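The following pair of complexes shares a single chain, subunit A, combined with subunit B in the former and subunit C in the latter.
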Partner chain A sequence: MYRQVLRSQWLALRLPVVLLAVLGFALPLLTVTYGGALENAPSETVAQWLFASQKIGVLIPGLALLVGLLLGIGTWAPDHAGKHVYALSLPVPRAMYVLLRFAAGATLVAAPVLALGVGSAVAVLSVKLPGGIHAYPLQLTLRFALACLVCFAIFFAISISTRRAALAVLGLLGGVVLADLVLAALSISGAATVSETVLYLLVNWPGPLAILMGRWALFDV
Partner chain B sequence: MSSLVRSVIAVAALGASLQGARAQTPGGRDAGLRTLLARAEGLAAGIAREDSIAREERHRERLATRFDAGAVTVILPASVGDATGRRFVEGAARILDSAGVIPASFIATRIVVAYAAEGVDSLVRAARLDKRVRIGADISAAPDTLADGLLAADVLAQSFRGTLDPEWRKWLPSDMGMGWNMRIEGAEAVRQLMAGETRVGALCLGGSAAGCRLWLGLDRGAMPYQAAEIRKLLTARWWPGNRGVESQCVSGSDDACETLVRDSLLIPPIPPVPAGAASRGSLLRAVRRLHGERALRVALADTTGSVGDRLARASHVSEDSLVAEWRSWLLTGGGQPRVTADLRDAVPAVLVAALLLLAAARTGRWR
Partner chain C sequence: MSNAIETRDLTYRAGSHFELRDVGLNVREGSIYGFLGPNGSGKTTTIRLLLGMLRPVRGTISVLGRRVPDDIARIMAHTGYVPERPHLYPYLTVEQAVRYHRAFFPDFDAAYADELRRSFAIPPAQKLAALSKGEMGKLHIVLVLAQRPRLLVLDEPTDGLDPVVRRDVLSALLDFCSQGTATVFISSHLVHELERICDWVGVLDGGKLVVELPMQGFKNGIKRIRVAHAPSLVGDTPFIVLGREMSGLEQVWVVRGWQAPMVQWFEGVGADVREIVDLDLEEGFVELLRSSRTSAS
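Right after this comes the complex of A and B.
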């Protein structure tokens, strides 16, 4: 059954999957367009190249977000279009069906991840690094895979959530903003605002979005 | 009690004593009178002294305001508002705390007298009652001097610098790392390292610990510049060299160029070591962040060996390890780790994905 679900998902999402795979392959290669023979290059050239590598690295979590968004929402697109009749007609429990959808979607996520891994390997092979500078293709690919998985899970869950769940999330966000407004009205200053605290908890380890933060450079010290 | 009232009391006491003395015998009368007069004079002198102190205090209150934050004490002209004064002293305390170079015990022995061009004497007089060592800080130089506490932190740092041994005084950046900030001074340090102006800088950037030691000037008697580099720096300077040894260096004598470095004859803007103030400040900051404030204090109190020896000894690592740590810390913007994908990253990510999958499986549309 997994194969059937995967096939249907591939047919629905092949265009974004191919597009994301191309982007995944191209991003690491952008770094080496600045030049590859760095073994005896002047340190200023190496410095500029390192900065470029770090700037391009910033785009990679953005790509992970895009992968999660397109594939997470796209996974449920055929079901939403068919008013979930197909899912209801299947002789499997709902939880199993959700699991199958998730597994098939995660399999499609693997395509851009693999493409980024191949692109990183090609980029690493095409440069001669000076001493003290290292390449991290494996770590970058694994981190990208984890980031894609988290983003995919978030948008997958949002896409299939009930209106009540959506309202609850919106209510929570509204509550955070309201709390900030109340604190501001009471002139309680000196401490971080509620939204700042929430954001801090989300993007710092072990927060759910911590994987998107940090350094993403393929070449680093 | 006002001085007038005290004087009246003193005179009355003297009068009463003289009245009592008349009733005594002639022999004991003179001795008693002298005792009483001495008492009265002592009382009058004490009153005068107290009056003088009170006058001084009133004068001080009129001229100056004292602000304290942590161990920092600053006396500012009374014309400076309370809010500005508080911001100034708190800013100084914050900068000193973040630099971590100067012990609080040292700061507590100093009092910063911040003066404008006029009224210097009055302010210094105002601070005279405090037993601490007074340090002057001219706040008339720029209108925004009081915007932060950098000036007060700087004068305290310079005062502390004077207590250090010559090796430290020679090596430490002029600002002693006060107000060092990764975004500004850190970027400047990276720029200096990556500028590629010296061979040792390029080596350091490439990961050579020996290159980093030379670039930072950590080894005593080392030669961080090549003769050609010194020559290039001297010829690029806007004024001509007027000393014999400089001229010889520019004319092509490698020995003369080396003498300039060895005998510390290089004068600004050519630094005695290739690493500028921001870069040397970055090493101080890295030691503090990676090995704690105590390591930095211990190193600064150490007077044995080169600067590198002292920092390494205080950090309990080898000198090469220390400069490798510093290089990585600086080039990664404050020790942010390079791209990682270990269990620490994976576990929260997988858990979040599993929780969201569980939530999606338990409830949702068409249920």
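Right after this comes the complex of A and C.
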């Protein structure tokens, strides 16, 4: 059953999966574009290169977000298009079907993750690092895998939710904005607005998006 | 004989404009049950309730001896469902769709599926998105028949198909039914189509089950009777009067539950029966709906 669901999902999503895998492979290579001979380079050049490569590293959580978005939404899209009629006519409990779809989607996430791992390994092998600078290909790949899975789970959950749940989330966001407006109108100045607090809670541990924050460096001291 | 489908007081509301009210279906095991009704009468909604896709406001549903929705996964393992509009994944090829479907049904008969697919001339390598409406309908029939289901639920399976494809689909269904004891629940607004294949019929109109009886009883029991000297007021009759209108000096009565000895009732009230005409299913259906709407208003 799982094999057929995975196969069907692959057939539906192979183009985005391949594109994401290409991006995953290319991103770590970009970080070493100008770093061919760093072994005896002056420390200023090394620092500049490190800074440049870490700037490119910012794109990696962006890619994780894209992986989560495309695969999370895409995993459920064929059933959405068919108003779930075919899925509901299959003899499996609904929770089991959702799990099958989730597992198959999460398996496809492995493609860009593996591509990023291979890309990182190639990038590390292509550069001779000066003393004091280290490469973290495995750590970066594992972190990227975790970030992809978190984003995939979030977008999958959004995708399978009912219209009522989507409205509840939108209502909550509207409530946050409204609370800010009310506080501003009443001239109550706090340390942070409600929206800032919510954002802080989301992107800081144990917020779900904390994994995307911080430094994403293939090379570091 | 037990019922393959049984509902009691089945009630469902969709917004403020549609209500399915106190529907009590009794579909006997092994029967071919025609579920008739005009467009918008609630046939598809009833089917979705039977298959646990919608939740009723009130009432109970039992399918293949199990309760819906509690046991729906087990029920669906023995139920083949062809929806009004096919919802298979368009990016799969025919062969991939068969393989996908097969993975969910342990009793799936792959050889039979292949035989049916060949007889319907559906190319295996064709993408579903590229299939014609007729081919798609036939593919759905292939998939559900190869499940070897105990219950087939078909929602307007031939709607929009050309006459040749329609005949192919119906003969495949009849062929399947002749091989075993499967129950078939088939909804349609194409009355003449069901007349040939069904042995029971239920008529739904405006969310209410108007009638449910054996096809033979439905066909034989509805008559158009030309009567002279009929009394203007009618008391208790041994049959059900569906309609009554003047035609020149005579009256035309449409009645249900007619039996030959009932002609004596007319003699008893001083009327002359001039002609008794059997109505076909479609005429009977129209008269039945007209009468139920008149009594409702």
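Following the convention adopted for this analysis, the second predicted complex is superposed on the first by the 220 of 221 C-alpha atoms of A that agree within 3 Å, B and C clash if a C-alpha of one lies under 4 Å from a C-alpha of the other, contacts with A are read in each partner's own complex, and residues count from 1 in each chain.
Please note the rule applied: a residue touches a chain if its C-beta (ideal position, glycine included) is under 8 Å from a C-beta of that chain, and two chains touch if they have at least 3 such contacts.
Please read these numbers as outputs of a predicted model, since none were measured by experiment.
J.: Would subunit B and subunit C fit next to each other on subunit A once aligned, or clash?
T.: Fit: subunit B and subunit C sit side by side once superposed on subunit A.
J.: Identify which of subunit B and subunit C touches the larger number of residues of subunit A.
T.: For subunit A, the partner with the higher number of touched residues is B.
J.: Contact-wise, after the overlay, does A:Ala147 reach subunit B, subunit C, both or neither (first, second, both, neither)?
T.: A:Ala147: touches subunit B, not subunit C.
J.: Looking at A:Ile211, would you say it contacts subunit B, subunit C, both, or neither? Reply first, second, both or neither.
T.: In the superposed model, A:Ile211 contacts subunit B only, not subunit C.
J.: For A:Thr162, decide between first (touching subunit B), second (touching subunit C), both and neither.
T.: first
J.: Go through the superposed model and pick first if A:Leu88 touches only subunit B, second if only subunit C, both, or neither.
T.: both
J.: Just the number, please: smallest Cα separation between subunit B and subunit C in the overlaid arrangement, in Å.
T.: Distance of closest C-alpha approach: 6 Å.
J.: Indicate the residue numbers of subunit A shared between its subunit B interface and its subunit C interface, in ascending order.
T.: Shared contact residues on subunit A (touching subunit B in one complex, subunit C in the other): 84, 88.
J.: Given the complex with subunit A, which residues does subunit B contribute to the contact?
T.: 190, 193-196, 201-202, 205-208, 327-328, 331-332, 336-341, 344-350, 352-353, 356-357, 359-367
J.: Okay, in this complex, where on subunit A does subunit C touch?
T.: 1, 3-5, 7-8, 11-12, 78, 82-86, 88-93, 96
J.: Sort out for me which residues of subunit A touch subunit B in the complex.
T.: It is residues 42-44, 46-47, 50, 57, 84, 87-88, 94-95, 98-99, 102, 130-134, 136, 138-143, 145-147, 149-150, 152-154, 156-157, 160-162, 165, 205-208, 210-211, 214-218, 220-221 of subunit A that touch subunit B.
J.: Taking the touch rule as given, give the residues of subunit C at its contact with subunit A in the complex, in rising order.
T.: These residues of subunit C touch subunit A: 51-53, 73-77, 79, 81, 83, 87-89, 91-92, 96, 99-100, 103-105.
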